[in-house]
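Chain lettering (A, B, C, D, E, F, G, H, I, J, K, L, M and N) follows the sequence in which the chains are written, and residue indices restart at 1 in each chain.
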Amino acid sequence: MSSISFIGMASVITAGITIAVGAIGPAIGEGRAVASALSAIAQQPDEKNTITRTLFVGLAMIESTAIYCFVVSMILLFANPFWDYVISAAN
Amino acid sequence: MSSISFIGMASVITAGITIAVGAIGPAIGEGRAVASALSAIAQQPDEKNTITRTLFVGLAMIESTAIYCFVVSMILLFANPFWDYVISAAN
Amino acid sequence: MSSISFIGMASVITAGITIAVGAIGPAIGEGRAVASALSAIAQQPDEKNTITRTLFVGLAMIESTAIYCFVVSMILLFANPFWDYVISAAN
Amino acid sequence: MSSISFIGMASVITAGITIAVGAIGPAIGEGRAVASALSAIAQQPDEKNTITRTLFVGLAMIESTAIYCFVVSMILLFANPFWDYVISAAN
Amino acid sequence: MSSISFIGMASVITAGITIAVGAIGPAIGEGRAVASALSAIAQQPDEKNTITRTLFVGLAMIESTAIYCFVVSMILLFANPFWDYVISAAN
Amino acid sequence: MSSISFIGMASVITAGITIAVGAIGPAIGEGRAVASALSAIAQQPDEKNTITRTLFVGLAMIESTAIYCFVVSMILLFANPFWDYVISAAN
Amino acid sequence: MSSISFIGMASVITAGITIAVGAIGPAIGEGRAVASALSAIAQQPDEKNTITRTLFVGLAMIESTAIYCFVVSMILLFANPFWDYVISAAN
Amino acid sequence: MSSISFIGMASVITAGITIAVGAIGPAIGEGRAVASALSAIAQQPDEKNTITRTLFVGLAMIESTAIYCFVVSMILLFANPFWDYVISAAN
Amino acid sequence: MSSISFIGMASVITAGITIAVGAIGPAIGEGRAVASALSAIAQQPDEKNTITRTLFVGLAMIESTAIYCFVVSMILLFANPFWDYVISAAN
Amino acid sequence: MSSISFIGMASVITAGITIAVGAIGPAIGEGRAVASALSAIAQQPDEKNTITRTLFVGLAMIESTAIYCFVVSMILLFANPFWDYVISAAN
Amino acid sequence: MSSISFIGMASVITAGITIAVGAIGPAIGEGRAVASALSAIAQQPDEKNTITRTLFVGLAMIESTAIYCFVVSMILLFANPFWDYVISAAN
Amino acid sequence: MSSISFIGMASVITAGITIAVGAIGPAIGEGRAVASALSAIAQQPDEKNTITRTLFVGLAMIESTAIYCFVVSMILLFANPFWDYVISAAN
Amino acid sequence: MSSISFIGMASVITAGITIAVGAIGPAIGEGRAVASALSAIAQQPDEKNTITRTLFVGLAMIESTAIYCFVVSMILLFANPFWDYVISAAN
Amino acid sequence: MSSISFIGMASVITAGITIAVGAIGPAIGEGRAVASALSAIAQQPDEKNTITRTLFVGLAMIESTAIYCFVVSMILLFANPFWDYVISAAN
């Protein structure tokens, strides 16, 4: 079994696991933030502009951790330096 | 056992695990957000437009993490660069 | 042991695990949303139309993650590109 | 050890695990929804028709994820395309 | 070691695990529903008919997921298509 | 090592695990239901007949999942079709 | 290594694990029920007869799941049909 | 490596694990019951006789599951039928 | 590798694990009971004698499960029948 | 199998796992902080400037732990000293 | 590899794991008891002597489970009967 | 396979795991501290200077544990004494 | 591979794991105790001397379990009787 | 594979795991203590000096467990007695 199999297999598995595991935290964190925003609006409707603006900044921060995972997952699939090396070595 | 078996097997398993694990977080997070929205409507019916609009933006953000997982799962099944390489190498 | 065994075995196992694991999150999330809707109706009966409409939109969003898993599970069983390849290679 | 053993063994194990794991989420989610419905009826008896109707729609949605698992489990036992292939190949 | 050993062993183990794991969720869900029903009766005795009727419908829904598991377990023990095949192949 | 060893070993282990794991859920669920019943009696002594009757029906439903596990465990020990086959094949 | 070793080893391990794992659920469930009974007596001393009677019935139900495990454990140690077979086969 | 090693090793390990795992549930359950009893006494000192009597009956029930585990552990160490057989077979 | 190594290694490992795992439950249970006793004294100082007496009886019950584990651990280290046998067999 | 395969495979897997696991904590922590900020604004709208400023400083601190993980992940992919060594040794 | 390696390795690993795992429960239990004592003093300063005395007795009971683990760990390191035997056998 | 592969692989994997696992605790702890600070500001705006100053000291303490992990991770990547030794030994 | 490798490797791994795992419990327990002490001071400032004195005694008790782990870890690193034996045996 | 590989690999992995796992507890414990301190200041501003002083003593105690882990990790990397021995033995 060649290096190609091992590096390829590891890349496929890791690309999937990275985004799958990396989606759990942000999704739960965003759910919590949204839930809290909705309670806050219900409690203090006059501040809904401040609340939604703060919410969106917060969601962007939380989403950034999901995006880090997505970026790494895409790099592993389409710009993988280890795969590129073993392919060029195989040819 | 050839590279085709290993890369193929890893792709099949990862495609499924990615979306399966990646669905847990968003589903729970959305459940929390919807539950909070319903309480908020019951508590402050006059703000139901703001609440549902904020809810839908929030759900879209949370759903995005599930969609990242679905995209990676589809790439692994139908546009897998590692599989394409080993197939072209096998022919 | 041929590629057919490996790819087939992985497909069978993954098809089941995908929908089994993928059903946990949506079921719990929907349970939470429904529970919250019922409390909201009990608390604010006059808004029951808004509450049930918001509930159904929310349930649809949550159900979508279960459906992603079901779709991947069905693809793995009946439109599996890796299985199709090894079958055509075996003939 | 032939392909028949491997595919058969994987199908048996997966059929059971799918429905077993897939039953945890819906059962807990439905328990939560029913518990909430009963509290809601105790709190607001006048709305018991709306509450039970909403409950049944919600239970149907939650049950659907259990039914996805049961369907996949039955397919694996009685309409398994991988098993059919290896049987026809063995004859 | 023949196919009979493997398929038989997998069937035995899966039959037990299926019902064992599948009993956890329904038992906990039903416990929650019953607990909630008893609180509801204590809180609103006049609605005890509605409450017990709703409880029994809910318990039936929750029990259904346990019954799916029991059915699969019984199929694996007494109407197992994979076992039937390897037995007929062995004779 | 013969089929007898494998099937026998699997049956012994599964018979025990089935009832052991299957006892966790019902025991906890019943504990919750009983605890709730006692609180309900303390809160509303006049309804103690209704409460205990509802409790016993609920306990019977929850106990049923433990009994499914016990039945499967007994079948595996004393009416195991796989063991019967390998014994008859060995003689 | 003979069948005797395997069947014997599996029986020893399973006998212990069965009662050990099977004791967790009932012990916690009974603890909860007793705790609730004591609170109920403190809250409503006039109903202490009803409460203790209901408690004992409930404890008996919960204990029954521990007893199922103990029975299976004893069967595996002293009336194990698989061990009896391999012993009689060895002599 | 002889049967003696395997049976002996399994007995040693199982004897310890049985009582170790089996002590977790009862200890936590008893802690809960005692804690509840103390709160109940503080809340309703006049019923301290009923409370302590009910507590001791409850503790006896919970302790019984720990004693089942201890009994099985002692049987495995000092009256182990599998060990007795292999010892008598070895002499 | 002789029986002495296996039995000895298993005894060493089990002796440690037994008391380590067996100490978790009692320590947490006793912590809970003590915490509850202190709250009860703060709430009802006049009953401090009853409370501490009940506490000590309860702690003794909980400690007993830790002592079972310690006894088994000591037996495995210093009065291990399996070790005695293999030692006498080796000489 | 050469060092290149091992070092490459380990780098691929670790790069993904690092950011995936490292995203869970920050995402949940940020979700909690944002949720708390929104409640605080609803409770004390006059202090919204102080609250959002404190929130952003806090989010930056929490995000820093995610960025440590991202940096290590990028180093492993694009500036891996171990990979550089084995590549230069291979040429 | 000789018995010395196996027994020695097992003793080293077990000595560490025993005290490491055995420290978790007591530390958490003591933390809980101390926390409760401090709340109790804040609530009822006049009873601080009774509270601290009860606390210290309780801490001693909880600490005893940690000390059992420490004793076993020390025995395994410095008075290990299995190690003594294999050393004397090796000389 | 040489020492270089083993030491290199272990360093790569450990460098990633160290910072990934080490980021979970600090991120959650900081989230909790920030959340509490925001509630405290909302509750007592006059003390916002004291609160933010205490918060920043606390965050620095918590962040220190993340920095320990980052330092170890960097040492493993760029100043690894074991890697330096095996490299110098290989040349 | 000699005894030196095995004993040395086991000592290295155990020394680290012992203190790492053994630090979790005390850190969480102390966090709880400190948190409770701060609440108690805020609630009853006049008793701050009693509270801090009780806190420090409690922290010392909790810290003692961490110190047991540290001692065992240091013994394994610098006064390891098993390592001393194999080293003296090797020379 | 020589002792150098094994001891080196174990040291690298353990050094990382020790500080990574050992950082979880202190970070969470400190987060809890800081959070409680901030609430206490908000509740009782006049006692802020006592509160912050008690907080810092508590944080120092909690941090000590993280520092034990860091010390062991540094010893394993830079003053490892097992590594020193195998290096001196190799030269």
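Annotations for the structure displayed:
Note that contacts are C-beta pairs under 8 Å (C-beta built on N, C-alpha and C of every residue); 3 or more make two chains touch, one makes a residue touch a chain.
The model shown is predicted, which means the values in this text are computed figures rather than measured ones.
Between chain M and chain N, the least number of touching-chain steps is 1. In summary, the chains found to touch both chain L and chain M are N. Matching CA atoms, the turn from chain A to chain F amounts to 130°, rounded to the nearest 5. Centre to centre, using the average C-alpha position, chain A and chain B are separated by 10 Å.
Chain C and chain I have centres, each the mean of its CA atoms, that are 46 Å apart. Inter-chain spacing, taken between the CA centroids of chain A and chain L, is 20 Å. Contact of a single residue of chain A with at least two other chains is seen at positions 1, 11, 13, 15, 17, 19-21, 24-26, 28-33, 35-37, 39, 41, 43, 55, 59, 66, 69, 73.
If the chains shown are joined wherever they touch, the resulting network closes on itself as one ring, and no chain has more or fewer than two partners. Tracing the ring of inter-chain contacts outward from chain F, first into chain G, gives the chain sequence F, G, H, I, K, M, N, L, J, A, B, C, D, E.
Contact residues on chain F toward chain G in their complex (touch as defined above): 1-2, 4-5, 8-9, 11-13, 15-17, 19-21, 23-39, 41-43, 45, 48, 52, 55-56, 59, 63, 66, 69-70, 73, 77-78, 83, 87. Those residues of chain M whose C-beta lies close enough to touch chain K in the complex are 1, 3, 6-7, 10-11, 13-15, 17-22, 24-26, 28-33, 35-37, 39-41, 43-44, 46-47, 50-51, 54-55, 57-59, 61-62, 64-66, 68-69, 72-73, 75-76, 80-82, 85-86, 89.
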